[in-house]
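Labels for the chains are A, B, C and D, by order of writing; each one numbers its residues from 1.
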Amino acid sequence: MTVQDVMKAHPQPTSVDHNALLRCIEECLDCAASCTSCADADLAGDDVQEMARCIRLCLDCADACDATGRIVTRQTAPDVGVLRAAIQACAVVCRACGDECERHAAHHEHCRICAGVCRRCEQACDDLLAAIG
Amino acid sequence: MTVQDVMKAHPQPTSVDHNALLRCIEECLDCAASCTSCADADLAGDDVQEMARCIRLCLDCADACDATGRIVTRQTAPDVGVLRAAIQACAVVCRACGDECERHAAHHEHCRICAGVCRRCEQACDDLLAAIG
Amino acid sequence: MTVQDVMKAHPQPTSVDHNALLRCIEECLDCAASCTSCADADLAGDDVQEMARCIRLCLDCADACDATGRIVTRQTAPDVGVLRAAIQACAVVCRACGDECERHAAHHEHCRICAGVCRRCEQACDDLLAAIG
Amino acid sequence: MTVQDVMKAHPQPTSVDHNALLRCIEECLDCAASCTSCADADLAGDDVQEMARCIRLCLDCADACDATGRIVTRQTAPDVGVLRAAIQACAVVCRACGDECERHAAHHEHCRICAGVCRRCEQACDDLLAAIG
């Protein structure tokens, strides 16, 4: 994605491991969009009543990933405590949403795919936390 | 705000203390908007170079408060772990942003006011965390 | 709300009518939050299947009002074309969402209240457009 | 991106041209993230005072693209008027932001790259508008 090239042209790039950083940003963007789409697909299904928890967690996950993706993208004057708090919260929400989507993976292809991107985003958050130290 | 009346009409309201919940939502909305405005006021000042950290933290705080405000507003099928993670992260970001704005309170009225709303939002998050248990 | 005091302390305030501006911001914030809550209340009802369109439009309206509220809050180096485009789009989304919520006002109190805030936000957008010229 | 696979699994996919739709979503996500990063890179430069308009428009563009990306991703019960209004506004903001970034392309590599993604997003919005009719 182009955002990675914009980030590389930053005049004062962060010292955080760039591979971990770029991967976390990309997963946050993809997870936010996938969760927006999964909630919307749930809403059009004929079992929407049973999918209420899945919709709710997908909406939460989209919001958390959007905010975290933005915060992690910024390299100017970073505050490690802020970064850590945002990434940790994002990992927690991705895990809860991934667990819920997985429960519906057998009968909803969109949930199966969405569970996968939630897992990858959670992992990318954990890896970035480890890189930040 | 009208959102409080909409929330009171929810068919399955959450069991979380409603005063703490409504106050947290209102403070998140006000803090997000105030931080958006404070970053923008910093940008128009003649000392913008020195305000880079303040702008960055205000942008982070607006994003965190927006996401947390949305997550906390939802009452359907709540996940306590998700709520706790989002509110904790929001409190951390509000504290960092409030500290930074306070440093500029003597020479920037918008920072003085913004520091105050960050403090109130941090407190509302802490109070809601205590209410959730 | 505190955001109004932060905006008044801006070093280079916009020349746009401040009453119209502040009212539009406040209505955008309230409408975004009310629509987030109305979509969530729809989701917990026993007629959620029939509420799919209402949920979808409430989610759209929350996103449009959030973005427009942020854009309109910024006073530094305003671009009138950008402001106009954002506010016009917001008014269109508020009208569609208000119409849909009104359809359910008799059997869902949250839709009745949400329709009202959508109408007020649409009007505040129209008034701000007129003030911008 | 994974979001495209989630969208293909929607039980009631929209009748809008899927290539135009998927390209618009991907460009909105990339443009939102690139603008967040460009505003942040501007903020760390030693000419930040001259970059105030660029920062402001990048922040506006990130907000407009985020909201439009979400709205366009939803396929359930689409409202053509809402889609059209959101996409049109997004194209206007992308054009203004692309024009401003282009002015700084010779001395800021991040602005040169960001201008490119703004142009692509504007084009993707125009193409989707044409496809919607």
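Throughout what follows, contacts are C-beta pairs under 8 Å (C-beta built on N, C-alpha and C of every residue); 3 or more make two chains touch, one makes a residue touch a chain.
None of the values given here were measured: they were computed from a predicted structure.
Remark: among chain pairs B-C and A-B, B-C carries the greater number of C-beta contacts. Of all residue numbers used where subunit C meets subunit D, over half belong to both copies. The two sides are thus made of the same residues.
One inter-chain figure worth recording: subunit B and subunit D are separated by 26 Å, centre to centre, where each centre is the mean of the chain's CA atoms. Each chain gets one centre point, the mean of its Cα atoms, and the points for subunit A and subunit B are 21 Å apart. Among the residues of subunit D, those in touch with two or more other chains are 40, 43-44, 46, 52, 56, 59, 66, 70, 74, 76-77. Touching subunit A in their complex are the following residues of subunit C: 40, 43-44, 46, 48-49, 52, 55-56, 59.
The residues of subunit A lying in touch with subunit D in their complex are 1-3, 5-7, 9-12, 25, 29-31, 33-34, 36-38, 40-41, 43-46, 62, 66, 69-70, 73-77, 108-110, 113-114, 116-117. For subunit D in complex with subunit C, the residues that touch the partner chain are 52-53, 56-57, 59-60, 63-64, 66-67, 70-71, 74, 76-79, 81-82, 85-86, 88-89, 92-93, 96.
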